[in-house]
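Same chain, two partners: chain A is paired with chain B first, then with chain C.
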Partner chain A sequence: MPVFKTPFNGYSVKFSPFYESRLAVATAQNFGILGNGRVHILDLPPTPSSPFVELASFETADGVYDVAWSESHDSLLVAAVADGSLKIYDLSLPPTSNPIRSLHEHSREVQSVDYNPVRRDSFISSSWDDSIKLWTLDRPTSIRSFQEHAYCVYAAVWNPRHADVFASASGDCTLRVWDVREPGSTMVVAAHEFEILSCDWNKYDDCVIATASVDKSVRVWDIRTYRTPLAVLNGHGYAVRKVKFSPHNRSFLVSCSYDMTVCAWDYMVEDARIGQYGHHTEFAVGVDMSVLVEGLIASTGWDELVYVWQYGTDPRAP
Partner chain B sequence: MEKAINRQRVLLEHLRPSSSSSFVYGSDSSSSSPPISASACAAGDSAAYHRTSVFGDDVVIVAAYRTPICKAKRGGFKDTYADDLLAPVLKAVIEKTNVNPSEVGDIVVGTVLAPGSQRATECRMAAFYAGFPETVPIRTVNRQCSSGLQAVADVAAAIRAGFYDIGIGAGLESMTSSPLAWEGSVNPKVKIFEQAQNCLLPMGITSENVAHRFGVTRQEQDQAAVESHQRAAAATASGKFKDEIIPVPTKIVDPITGDEKPITISIDDGIRPNARSSDLAKLKPVFKKDGSTTAGNSSQVSDGAGAVLLMKRSIAVQKGLPILGVFRTFAAVGVDPAIMGVGPAAAIPAAVKAAGLELDDIDLFEINEAFASQFVYCRNKLELDPEKINVNGGAIALGHPLGATGARCVATLLHEMKRRGKDCRFGVISMCIGSGMGAAAVFERGDAVDDLCNARVVQSNSLLSKDAQ
Partner chain C sequence: MDMRDLVTGGAACAVPGSSSSSSNPLAALANTLIGSSSKIQENKEIPTSITPGSERQIYTQTNDHLGALDQPFVDPNAPQHSDFLRGFHGSGGGGQTELDAAWNDIHPPPPPPQLDHIYDTHPQQPILDGPPQRMLSSLLHSFVDSSRGGVPFRATPLPVLGLSEGDKQCIRDRSSIMARHIFADKSEDFINAQVNALLCSLDIDGDARAKGPLPGRFRELEDYWNESQGTLKPGFHAADGWVAEFNQQRMVHGANGWASEFEQQHGANGWASEFEQSQLTSVDQMRGSNISSLAAMEQTRMLANTLAQNDDPKFQNSKFLQFVSKMSRGELIIDDNQVKQTALPAAGDWASEYQHQYNRSPAWADEFLSHGPDQWVNEFTTEREQHGPVDDQWVSEFSKLHVHDWADEFGRQVGEGALGENSTDNWANAYDEFLNEQVAARQRSDTSRGVYVFSDMNPYVGHPNPLKEGQELFRKGLLSEAVLALEAEVLKNPDNAEGWRLLGIAHAENDDDQQAIAAMLRAQEADSTNLEVLLALGVSHTNELEQAAALKYLYGWLRHHPKYGSLASPELSDSLYYADVARLFNEAAQMSPDDADVHIVLGVLYNLTREYDKAIESFQTALKLKPHDYSLWNKLGATQANSVHSADAIFAYQQALDLKPNYVRAWANMGISYANQGMYEDSIRYYVRALAMNPKADNAWQYLRISLSCASRDDMLEACDSRNLDVLQKEFPL
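Then we have the complex of A and B:
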């Protein structure tokens, strides 16, 4: 499978829910510390020997920390920018008309953005200003702001089954589950002793969440019995940056870490780590699994490379 | 600026959380991760990092491959013609890069022991087997053990001089076919020229001289040998060598029955994964009674070949070839023939200085392990970090096919630097040379940021006016 080299350091990669060969990559200059950012939209080549095709790229004034595809329109995507704004891009419009919206309400860096897969009209953004905001495409201001965390909220992820439920992972070491219809969070899970950098819902069991933490472990929780985790997955050498459950398999998840590896896990078996990929030569910070192609994994890292490969194969094989 | 400092602090907290409670590790609670601390940026104004020189006329390496290395006379290549060793690697550098062979300006092959003219003709024949047209010339070069590296340096120099744009530096040795021997009588003048006489010393005696004069103990030598075998075995087991080895289809003739069997050799057969110092300690010294140099802590006598494709950076970019490495400098220096093993200790500082660098700037070394005595001496003399030297094993485990060693080190070094990422920027290859010399070359990791690497290649620019074309 080919490799794409981005000019800036990679931060996040997301497969399009509409096109199986399309993905968006969020990048930031100078490791996201200072400088511009860029969102790349790539198309996987039909044959492994040909290179990626870059459909479009959008420059931003500050680093782009995350990107999310719209579930309602195949050409829309939202970028989470480090200056606190969210930018909405439309691929069907010429680059001069992009971004079509800029939503600037967060006072600090926006770390993640996630589109609602059930209602398909709204998305949530989580920021270092300790808040999570709920938005829809047509409104210029946020619908709600969820302010309960005590430190940066690194991730906010919608539940794949319940339209109004989402979870958030924060540097205050808690995982919170929220319901948009409720005034505050419905559940607080003290999931780790250290910062939680990412969380993701199980796509087949609507009460199971995985959290990835600075303590180098990924823990899988059933929120009904949230005192003890279902599984503790150890194996990464440094903080785990992102975790993603497979859309095709109820016990399969992937994680990427500051130890430069991407690991694949099956949390229901004894020896949970079923794959380890050391293809990145810098921090691996973004990983995603395709909904449309079973077993297809994409990862990106600070080494400015985007890899797309099938689980079980070598990402660096041509 | 405040924002940048804050972001840095948040990221640092991920790596070094300030909470002092210890982590709970599933299986491995005994080893704790080394404490990480943020340090002031080491790159000052004069540091190499600030000098990112990416010029179109840099000589870059776009491909480097080697054959497996096999024990001479008993190993996989014992019935292989020398030209059949060279042809596969010459073919590989062309095939894997899709370069048109007729564009190659010259091929220089480092080769040591065989009779000069015959070997040069064999190399020409090998080029034909590899599919090169008659228009591509070829020559050999002999600077003893450094011939492979010298060949690469010669091609780089010729490209710099403008003789051609694309060249191949290669190395070849079949120690099965050509034994180390002196033809004819020795000039009686050597009786009055001590240095000339010392040129005739067997290499093992020079190793004993180095061990004795600089106090390298038998234990240190055996330990270095064990490490070489362990690292080479680990590299082979993890598949690291797969990137650089070209499998060679050849034949093996059974010495007793005379039956020929076709075979494809794809791994080095000299490595002993289970080498232990206790076993090595039992070996008797070979060259001197009460000496310390044994068969176990000397390089092996082997067969092998390697080839490196070099070209101008502008040509590589034009062809869309990924750049594996950049050739920076080369230095050959002379030392006392009686202790020829000290060659790298003299040559490495010269080459590093010529590149405008310090020894600390070098991230990876390939120092040929002709003998553990001289290898350990050079490592200690230059105060190098052993974790950066011969990380995938050296000649003691892999073998030392004299002329091929330099070229095979280029393949091993550049592929390892590529695996290690941007952090591993500069590498050095060095070896001692029989008759009292040392050679060293500095390489830089490839893939400098090329802003246009994702750009569409323009075939014909019809936008320029007629005058500009």
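Then we have the complex of A and C:
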């Protein structure tokens, strides 16, 4: 499968929910510690042997840590920028007109952004300023700020079924579940002893959520019985940076880690780790699974490479 | 289903239409109370009205895809769709439906078509591309390539980079947060020290870190306070009236609402523990910002070792890991920084070698570790004197005067109680002591380098044959006693090369390198061709990474050797190059492959150029010929530790200890290897054992202190600082 070389260090990769061959990549210079950022929009080539087609790229004054496609418009995407801003880009407009919005409320780095897949009119961002903010495209300011975490919020992810429910993963070692209609968080799960860097909802069971932590493990939780995890997935050698449930298989998930590998898991079987990919040569920090093509995985890392491959094949195979 | 269930259920699976177009809280309330049942009857298909410009054909293009999307995601009637999350909402008090309404109201009205341009008032932010950026970029990346070729690194005063305050803040914050992910196994102290060293090397003021890594603690409390006061917080979009409602509701909850809420989340003692935590944090931060780079760099050295311990070659090659550890050690280079190179010819080389030694060679090159930082200071102080008033913050930062001033200042602050409770006092005292030790050590090295210091009370003075006694004691492994006897010998016969040599070896094995070198120098004065003395001096200078001196002695060994003397041509000795000497020894090794000594010297030589694999091979060859040479096992172990095979090193040290149980240096080296693997508790036991055998081994005391701190055994720091071995041995039996 093809490989794309980004000038900066990769931070996040997301498949478009509209086009099976399209993906967006968030990158940051100097490992995101200092420098510019860039969002790349890529199209998979028709034949695996040809290179990626870069449709567009947008440069920012600070690193881009995450990107999310709009669920309502195929040309819109939101970038989470390290300077605390969210930038909205419209691919159908020329580069000079982009970004069409810059929403600057977070006082620190924005680490994640997620588009509401049910209502499709809003998105949430999570930041190192310990807050989560709720936004719509049509407002210049956030609708609400959720401020309970005591440390950086590394991820905030909408529930795939309930339009009002989302979960957040924080460096304060808690996972929180929120209902936008409630004043405070509905649930606090002390999911790990160490910082939690990522979380994702199961797409088939709306009460199941996976967390990824600095403690090197991925844990799967049923929030109805949140005292003990359903599964503890060990196998990464360093902090797990992202975790993602499959849109096509209820027990399948992928994760990427500072151990430079991407792992595939089936949390319902005993030997849960069903695949490990060592194709990255630096920290693997971004991973996604295609909604439109079953088994298609994309990953990026600080080796400045973007890989797309079918589960079961070698990402590096030509 | 009562009304509130309907409301909840409705909101969970459908977006309300735009009929209730109210941003008025009362209307919203009314809507919730009266009109809510009508809401759920509304469309289940999603009317996404956010189209920025209706001329776009997004919908028609993408309907198929959306259909596909809906399949797994949005099917409210699917059997596995649990009521649990729906149950979330509706378990609370009556006022909460107002929030519901507010959330439901956000959706309409549809944006005007010119939306694209409304908020476009943000000018495009300038893209960083000035010289500083490029400079930093090359800084961050170039060390990677140069590290492999053994090219010396030069510490760079960062004003060259001209980092702005904002840049510095970014580096400060981001590196601390990332460090916490990557070095999660390590203690907080460890990470703080690491980050602090990084900031030091980048000339970034650590004090401002108060805003850095753990910003939320106090503010969270403030937020609760603010909320309890009913203060409107800026940043909320008030247009929806949502904020007002929210605050109203808070008021209804009563003034204690915030307290109970907080208690709910954090437990009854949450507030107190939170506060405690934040206090601890600020202490940590204080420590992080104040501890001198001397201590920080020592800790970073161990961190780098631990990191490098991962055997995965991918990790060894990771540019990022090298980046972090290099930065944290201050090993920053800019390729084209010629100015610095010419201005600091010696210091530059020295600094890089010192860094290297600090980084990788605790065991092998532990000879002058404790004095290293002071040499550093001296080097820079001298440098400053030579070049007159160099207005360089970095240099003055490390000058001796400054350290003193600063220490005083710190002491005064403590005296005034500025730092609060006794735990801080303890820490401050310990740190003062540590500083004093550093200063004392430096003074010692100033005055007494190369000068042998005799013990005060020596019972062996007047002994009829102290040399024989000393040899006997040395053979028995009673090193400290042997030292006394041999001192008596050389006091009696100052020209006895063998007496001085054995004294030097006894000191080396007792882990006291200052004395070892001083003794060896005297031995060489007495007998300039003694092969063992020459070899020992070659090794000592290798430990110091003083290549020229090491080459001189090793070449001398070759020249004076009866078998290989012919290989060495006299004219070579004027200008020794590493390659020539290495070639000569390789020839010697071919000449007589069964001479273990040649292989030993080769091993030492390879250590000079950090070709550890070759060095290990040479020592292993030598060990086949001399399997009972404990010092050779120790050399092998130290080399393995240097080449980050700390686990192998432990085996080698164990061999050395089996052969010679009182080998203090091997005990201490064993501790270092465990520490390098992050096994701090184990390392402590070995250090304590080494110190019990020779309490004068200053290096081991310092290592012990670091391991205690890394193992979060701050409770034993006092015993360490007061050198209370009884307590330590009781606490850490081996």
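Following the convention adopted for this analysis, the second predicted complex is superposed on the first by the 318 of 318 C-alpha atoms of A that agree within 3 Å, B and C clash if a C-alpha of one lies under 4 Å from a C-alpha of the other, contacts with A are read in each partner's own complex, and residues count from 1 in each chain.
Operating definition for what follows: contacts are C-beta pairs under 8 Å (C-beta built on N, C-alpha and C of every residue); 3 or more make two chains touch, one makes a residue touch a chain.
Please read all numbers here as calculations on a predicted model, not as lab measurements.
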item: Fit or clash between chain C and chain B when superposed on chain A; value: clash
item: Touching partner for A:Y258 - first (chain B), second (chain C), both, neither; value: both
item: If touched residues of chain A are counted for chain B and for chain C, the larger one; value: C
item: Touched partner set for A:D121, first chain B, second chain C, both or neither; value: second
item: Touched partner set for A:E109, first chain B, second chain C, both or neither; value: both
item: Chain B versus chain C as contact partner of A:E282, first or second or both or neither; value: both
item: First (chain B), second (chain C), both or neither touched by A:E54; value: first
item: Which superposed partner A:A298 touches (first chain B, second chain C, both, neither); value: neither
item: Which superposed partner A:P183 touches (first chain B, second chain C, both, neither); value: second
item: Which superposed partner A:G32 touches (first chain B, second chain C, both, neither); value: both
item: Touched partner set for A:A231, first chain B, second chain C, both or neither; value: neither
item: Chain B collision site on chain C, chosen from 171-179, 441-449, 567-575 or 711-719, when both complexes are overlaid on chain A; value: 171-179
item: Chain B and chain C footprints on chain A, overlapping residues; value: 31-34, 82, 109, 128, 152, 171, 194-195, 197, 214-215, 237-239, 241, 258, 281-282
item: List of chain B residues in touch with chain A within their complex; value: 3-4, 7-8, 10-11, 13-15, 17, 19, 21, 23-27, 33, 419-423, 449, 451, 453-454
item: Touching residues (chain side chain A, partner chain B) in the complex; value: 4-5, 7, 31-34, 54, 82, 109, 128, 152, 171, 193-195, 197, 214-217, 232, 234-235, 237-239, 241, 258, 280-282, 303
item: Partner chain A, residues of chain C touching it in the complex; value: 11-13, 15, 46, 48-52, 56, 58, 61-62, 65-66, 68-69, 72-76, 80-82, 84-86, 88-89, 92, 96-97, 99-100, 103, 106-107, 110-111, 115-116, 118-120, 122, 125-129, 133, 136-137, 140, 167, 170-171, 173-175, 177-178, 180-182, 184, 214-217, 219-220, 223, 235-237, 240, 242, 246, 249-250, 261, 265, 274, 310, 312, 314-315, 317-320, 323
item: Chain A to chain C touching residues, read off their complex; value: 17-19, 29-36, 59-62, 71-76, 82-83, 90, 92-93, 97, 100-102, 104-105, 108-109, 117-122, 128-130, 136-145, 147-152, 159-165, 171-172, 177, 179-188, 194-195, 197, 203-207, 214-215, 223-224, 237-239, 241, 247-248, 258-260, 278, 281-283, 291-292, 302
